[in-house]
Amino acid sequence: MASFRPLYDRVLVKRVEAEARSAGGLFLPEAAKEKPQHATVIAVGPGRLGKKGELTPLTVKPGDVVMFGKYGGDEIKVDGEDHVILREEDILAIIEN
Amino acid sequence: MASFRPLYDRVLVKRVEAEARSAGGLFLPEAAKEKPQHATVIAVGPGRLGKKGELTPLTVKPGDVVMFGKYGGDEIKVDGEDHVILREEDILAIIEN
Amino acid sequence: MASFRPLYDRVLVKRVEAEARSAGGLFLPEAAKEKPQHATVIAVGPGRLGKKGELTPLTVKPGDVVMFGKYGGDEIKVDGEDHVILREEDILAIIEN
Amino acid sequence: MASFRPLYDRVLVKRVEAEARSAGGLFLPEAAKEKPQHATVIAVGPGRLGKKGELTPLTVKPGDVVMFGKYGGDEIKVDGEDHVILREEDILAIIEN
Amino acid sequence: MASFRPLYDRVLVKRVEAEARSAGGLFLPEAAKEKPQHATVIAVGPGRLGKKGELTPLTVKPGDVVMFGKYGGDEIKVDGEDHVILREEDILAIIEN
Amino acid sequence: MASFRPLYDRVLVKRVEAEARSAGGLFLPEAAKEKPQHATVIAVGPGRLGKKGELTPLTVKPGDVVMFGKYGGDEIKVDGEDHVILREEDILAIIEN
Amino acid sequence: MASFRPLYDRVLVKRVEAEARSAGGLFLPEAAKEKPQHATVIAVGPGRLGKKGELTPLTVKPGDVVMFGKYGGDEIKVDGEDHVILREEDILAIIEN
């Protein structure tokens, strides 16, 4: 399988299915099309780029379950499955069980 | 129950019902759809991110009752109840009794 | 009565009635809907937030009569009366008698 | 009469009547509605606010005759007469006789 | 005649007539309404204002023939003749014979 | 063949054909017109320009396979074949096999 | 002939005719109206202006063949021929044979 290396502050995530989430019983979006979304972080960039070329590492890491807003991010397919790639600032929160 | 950790300067709030607020007798929105809104802070991020990666802690803390404007924030459901997640700069004021 | 603590550079003001102002005889808006407005400052935030987390105190203080532009600010009700909450940069001037 | 204290880099001006200006014979706007405008500075703020809270004093001072663009500025009435309050950066030039 | 002192990085220019330019034989706009324009610099401001209040002197000086873009600048009349006042950054080039 | 030297943080890329990518079996765009796109980096600029004139070298290098969003970038032909030139910040990730 | 001195980071270029470019056989725009364009640099400004008044010299120099995007730049005539004046950041790449 190919390795996917996001640049700078980009984060690759894979949506958590609504069914899977309901099973956990906790976070239910009201309407899929209009609501923030849950996802598992698959890969993260090396950090956000400062004005002098320095990198600030990201907070999220692979395996984190995150919630992101409905705007921002590009839909892509990796290994035939839907993923989203977005900037870390489009991620709203990390959800821990 | 899952733990919800907002990133950076994000804040998770839960709206205070209009009835509950009227009981307190103090702050009444004129029309729900067009007015700022009251909410209780549920969880706060670690701080707003500066240009060099430093974090400035937020002013609001869990338990605070806050008022926020009608724009900004994403509607989400946590444990089946409506919540809003927004940036601290979208919060207008803290209300203390 | 509840205490209302604006955040950062937010300012809570209460409009001065046109009649009251005419009595003072000085500043008359041409048409209420299209003109800047007079108000008394009720509460002010601790200061505008700088890039490094420092606060610069505001210039206006509770009791000041100020004029603000027609844009900016959220209409809210406090104790059943109309107020406006805005950023200090939306305030144009302080009026002293 | 009330004192009018503009905040920061705001400037209160009073338009110079076209007739008065024609008498001076020098600067004639082509069409009042679409052109920059002449005015006398009535009051100025203490200075533009820098990122660290420092104030840079304005260049214009009360009594200056200035020209400003057609955009920017709020129309207000002071003592029953039309005035304009604008930021100093909306002022194009000082006119000296 | 009145003296016209542009503020900061503002520049007062007077258009060079198309005929006069054709006589020089060099720079011909394709269509007056849609093209950059030639002008003679009449007066310049003291410099562009930096974040700490310092002024950086302008490059253009009175007497320079300059070309400016079709956007930016306010049309004004000085001594009954059309002039344009613009920021130096709206000036594209200085033309020297 | 001519040499193509992108300026600053510009990157010249050549799209990887969908067929070629399917053969690799990994990354399939859902719909060519609406999705991010894969490409091989052909040439990169010397670095992004800082405020003081310093250059921060880019992360991507010639030969990298990258994915970029659907917005940003100019379509150009080099040696009769379609290429895209974009800023490095429009590149989402590097894909390694 | 008059001398044309672009200000700051402005660059004066003259389009390379499509025929001339085809003869070179290398870079062919797909459709003139919608594509980036080739041009020869005729004159360059002294450098981009920093916040403290310092100038950072440009990368392109007279004689360079460059490609620029379809947006940005003003069409002008110099000595009766079409030219374009643009900022260096609107130039995508230098082409060397």
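Each chain gets a letter, A, B, C, D, E, F and G, in the order it is written, and its residues are counted from 1.
Rule of thumb we're sticking to: contacts are C-beta pairs under 8 Å (C-beta built on N, C-alpha and C of every residue); 3 or more make two chains touch, one makes a residue touch a chain.
As the structure is a computational prediction, the values presented were derived from the model and not from experiment.
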Per the touch definition, the chains contacting both chain C and chain G are none
Would you kindly give the rotation angle relating chain A to chain E, two copies of one sequence, based on a CA superposition and rounded to a multiple of 5 degrees?
-> 155
Taking each chain's centre as the mean of its CA atoms, how far is chain A from chain B in angstrom?
-> 23
Round to the nearest whole Å and give the separation of the Cα centres of chain C and chain E.
-> 41
Distance between the CA centroids of chain A and chain D (whole Å) is 51
Residue numbers of chain F (touch at least two other chains) | 51
Make each chain a node and each touching pair an edge, then name the shape: line, ring, star, complete, other.
-> ring
The ring order, beginning with chain D and continuing to chain E, is D, E, G, F, A, B, C
Per the touch rule, the chain G residues reaching chain E in their complex are 1-8, 10, 12, 43, 45, 49, 51-53, 74-80, 82, 85
Mind listing the chain B positions that touch chain C in their complex?
-> 24, 26-30, 35-36, 50-51, 54, 56-57, 59-60, 67, 69-70, 88-89, 91-97
